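Chain lettering (A, B and C) follows the sequence in which the chains are written, and residue indices restart at 1 in each chain.
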Amino acid sequence: MAGGVFAESGADLELVGIQKRFPGFTAIEGMDLTIPAGSFFALLGPSGCGKTTTLRLVAGLEEATAGRILIGGKDVTDTKPYQRPVNTVFQSYALFPHMTIIENVAFGLRRRKIADATGKAHEALRLVELDHLAARRPQQLSGGQQQRVALARAIVNRPALLLLDEPLGALDLKLRRQMQLELKSIQEEVGLTFLHVTHDQEEAMTMADTVAVMNKGKIEQLGAPEVLYELPRTAFVANFLGQSNLFTGPVEGTTGDSISVNVEGNRIVVPKSRAQRHSGEVTVGARPEKLTLHVTEPKPEAGTNLLGPGRVIDVSFSGVSTQYIVAIPGLGSIVVFAQNMGVGPLVGEGTETWVSWKVEHGFGLEDEAPRQPRFSSDTDTASIALEKKRALMSELEEA
Amino acid sequence: MAFSAFASAAPAQEPAPKRRSKIALLLLAPGVLYLVIFFLVPLFTLVTTALQAPTASGDIGQYVPGFEIGNYATVLAQYSPQILRSFGYSLVATVFALLFSYPLAYFIAVKVRHRPLLQNLLLVLVIAPFFISFLLRTMAWKSMLSDESFLVSALKGLSLMAPDAHITGTPFSVIFGLTYNFIPFMTLPLYAVLERLDTRYLEAGSDLYARPFTTFRTITLPLSAPGIISGVLLTFIPAAGDYVNASRQFLGGTGTTMIGNVIDSNFFDLQNYPAAAALSIILMSAILVLVIVYILLSVYVWKTGTEGLL
Amino acid sequence: MTLQEARALGTVMETPAPRPSRARFSLGRWLLPVYSALALIFLLVPIVYTFVFSFNDSLKSNISWRGFTLDKWTNVCAAQGVCEAFGNSILIGVIATLAATTLGTAIAIALVRYRFRFRTGVNLLLFLPMATPEVVLGAGLAAEFLGLGADMGLVTIILAHTMFCISFVVVTVKARVTSLDPALEEAGRDLYASPGQVFWRITFPLLLPGIVAAALLSFALSFDDFIITNFNSGTTDTFPKFIYVSAARGVPAEANVIASAVFILAIVLVLAQQISAAARRKRLAKVQ
């Protein structure tokens, strides 16, 4: 911003009624969002959901079709990028190839005529532990190093708001995990407001203290990662952020603090406080790791939902845990994660099983799950193959 | 950065495993031999011709091998105005061509990048002058700028020009012609380098508090430097040696003759071959200085090696 | 920061009526396109002039407008020497192009595919003709031909044109060879093709677009060359030389006719190529 003052701390970002239309499609539709000062905020969504457009609007690289953008209470909607107290860590890093690392980092300070630009740039490079490479050119650095230079080049300006556009997207998995932790600790150290855009749900949940899940130009849900995960409000969130088992049916009864839903003759109980709707057709669900597999029919218990019997149609071992897919007639395929506490899987394919979970782990959605999953169970290739296999086996046995 | 404006930027494949083979010599020999006979030998012939002495009888066009270093002194003394004028005119024309071409190349390379058909059609318009004879283009300007032309009568009618003033035959018209004729040579290399300019650098500049002009000065301009240097050489070299624009039948007059004109007249009218050769060597030497700077830049600054020249 | 704060401030906030941001009419946004349009028009002015004056009912000189006629188009060869000069230019262009394309393509393949000594020397030998003023090339060749006592004419012009076209062929074809995946040739060898078959059935067809581009460029360079030609042509006229020689007494409108026809032919070819390339891009985009 003009005046060359460093932001003492981060500033609030407010988006009010933001709309962005491109020729032929609308990228963002009526978005309202407030990001409080000092927070690490993640915008999470699939590609094309409008998250990068949102970021570019905040940076001033795109012009909003309608709406206002306020940073620290000041309307910046009509200002140019270079007038905004905002800096970006670009996905491609965009390090100037014709300048050395130190020239890159000092660039913003020089533009604002801040005294001792080089000294401050060295300081920022020390923060990312790359001061020894100050005289090199960007091409001579590894991807991870370039990423850290890009970060230093942005934070050295002490922007009120730091924008990160999938900054870890180009790194390999191991480096990515490491940089996630570093970024998080740097944010805590400098105390700036971070707005981070990513399509990696694990990254968003690890780093951010608030996550907004975006879909089709709208924010579907916003909250702390654990709340978002434990209590998704829409089918999109339930499936984009981790996996979910979803069931749809009419509410057939309510007790004081819970509703019970009839799903093809099975009763599923969900606490009222965890359900968005309490009547009519509703979609309820539970996370795979909350589910327990039983090889013998357990006694029905209050406070537990029990489904079954069904058959295990797929077992995939992944080290820490094993994923079982259980086909229950009328309910489709249910995914269960079980920690590998013992040696090897609990049950094999074809085993008759029951599935249960605690009522307080269930959730009820605002919208309905796409209807497809309920019916696809009979037609998906896995179950067809399984049916064939079973038919052949029984034929063999009979012979 | 290819020196030629015509080379398309090919996506670089992994370098092929380069083999040594007799086939290489077979492929190279005919072309290389050809260039030695019809490029290197002629240059060498110029060097020896420039040192020839007149025959004892003093017949016009008759010379004997000699070592007349004095020929250089003679032509330098006689033609220094033309020599200096050549470099002056071409320098001014090069600067004008650069100023004219940069915004045009930037527009085509960056602003319409997302519309490839339009981009290519605009490029075709830039090179369209190549498809019509260079001499006819220059002739057309001569007609349009001549004393009888609409433009000149209009300017005179509006008293913007003195009644006895001319446009053709002046340094202005010669520089104008040189600029016009060599603009595509400047625009194409600028286009080639700007086409590869990553606009995300410009966004990053803007994000880092650089105003548009500062972004241009600190990012766009340095990143396009190789294109500017190629364009300057591609424009300056043919402009310095040109003698069509400066000739009296075209845009020049008696006071605008350039080194090319005097080489031509020494060769054909005076048949003073040593003088023509000496002037050629002087021109070539001056150009060589620029070319060597360019080669050194390629090898040591841009690190493209002598491969990058082609 | 708590979830509730963000939630309360964020999603629950009352939406004010979206305010369209001011449609900014900025001069800056229009300056560059307008300038570019004017610049391109400026570049085309002499072409339009030449075309228009090909319909001029001129007498000897074609400077002032004397009325519209198609005579010059229907009777191109009426002006003495113009058709002969044009024919010479075509003949020279074709032969020089064939020679330069053959020699240059061989060099381009050698440069990309083989290692050899004196590489830097070869690179410089190819680069220097492009960096030498034409008047020096022309005078040098003429001095050499004079020294050899050769008759200046078609042969010397063709020899000269071949020389300056080679470098441009190398540059153009080299770009194509570089972009050619060597694995294709290796696959050919793997599939029992002899070296000759690899070249004619794999390498050559893949290089053909580059070779054609190089040939067209050579022809254009040869066809329009004046300075080098002027030094090495003796009494033989080419089309540019015809214009230069007749410039003193006035270029006949027939020359405008020929130049305009060549221009239209070239532009139509280039546009057709561009438009078909654009259509191919569109089809490809649809497939993906």
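Just so we're on the same page, a contact is a pair of C-beta atoms (placed from the backbone, for glycine too) under 8 Å apart; a residue touches a chain by one contact, two chains touch by 3 or more.
Composition by chain, UniProt nomenclature: A = Spermidine/putrescine import ATP-binding protein PotA; B = ABC transporter permease.
This structure is a prediction, so every number in the text was calculated from the model and none was measured.
**Student:** Farthest chain from chain C, going by mean C-alpha coordinates, please.
**Tutor:** A
**Student:** Taking every chain's C-alpha mean, which one sits closest to the mean of all protein C-alpha atoms?
**Tutor:** Chain C is the most central one.
**Student:** Could you please state the distance in Å, as a whole number, between where the Cα atoms of chain B are centred and where those of chain C are centred?
**Tutor:** The computed centroid separation for chain B versus chain C comes out at 16 Å.
**Student:** Quick one: report the Å distance separating chain A from chain B, using the average Cα coordinate of each chain.
**Tutor:** Whole-Å distance between the two chain centres: 58.
**Student:** State, to the nearest whole Å, the distance from the C-alpha centre of chain A to the C-alpha centre of chain C.
**Tutor:** 53
**Student:** Tell me, which residues of chain C touch at least two other chains?
**Tutor:** Not one residue in chain C touches at least two other chains.
**Student:** Could you tell me which residues belong to chain A and also touch two or more other chains?
**Tutor:** Within chain A, no residue touches at least two other chains.
**Student:** Report the residues of chain C in contact with chain B in the complex, numbered from low to high.
**Tutor:** 28, 32-33, 35-36, 39-40, 43-47, 49-50, 53, 63-64, 103-104, 106-107, 109-116, 119-120, 122-137, 139-144, 146-147, 159-160, 162-163, 166-168, 170-172, 174-176, 178-182, 217, 220, 224, 226-227, 230-231, 239-240, 243-244, 247-248, 251, 255-256, 259-260, 262-263, 266-267, 270-271, 274-275, 277-278, 281
**Student:** Which positions of chain A touch chain B when the two form their complex?
**Tutor:** Within the complex, chain A contacts chain B at residues 59-61, 80-82, 86-88, 90, 92, 94-98, 107-108, 111-112, 153-154, 157.
**Student:** In the complex formed with chain C, which residues of chain B make contact?
**Tutor:** My answer: residues 2-4, 6-14, 16-21, 23-28, 30-32, 34-36, 38-43, 45-46, 49, 100, 103-104, 106-108, 111, 116-117, 120-122, 124-126, 128-141, 143-144, 146, 148, 180, 183-184, 212, 233, 237-238, 240-244, 249-250, 259-260, 263-264, 267, 273, 276-277, 280, 283-284, 287, 291, 294-295, 306-307, 309-310.
**Student:** Note which residues of chain B are touching chain A in the complex, please.
**Tutor:** Within the complex, chain B touches chain A at residues 198, 200-201, 203-211, 214, 218-219, 222-223.
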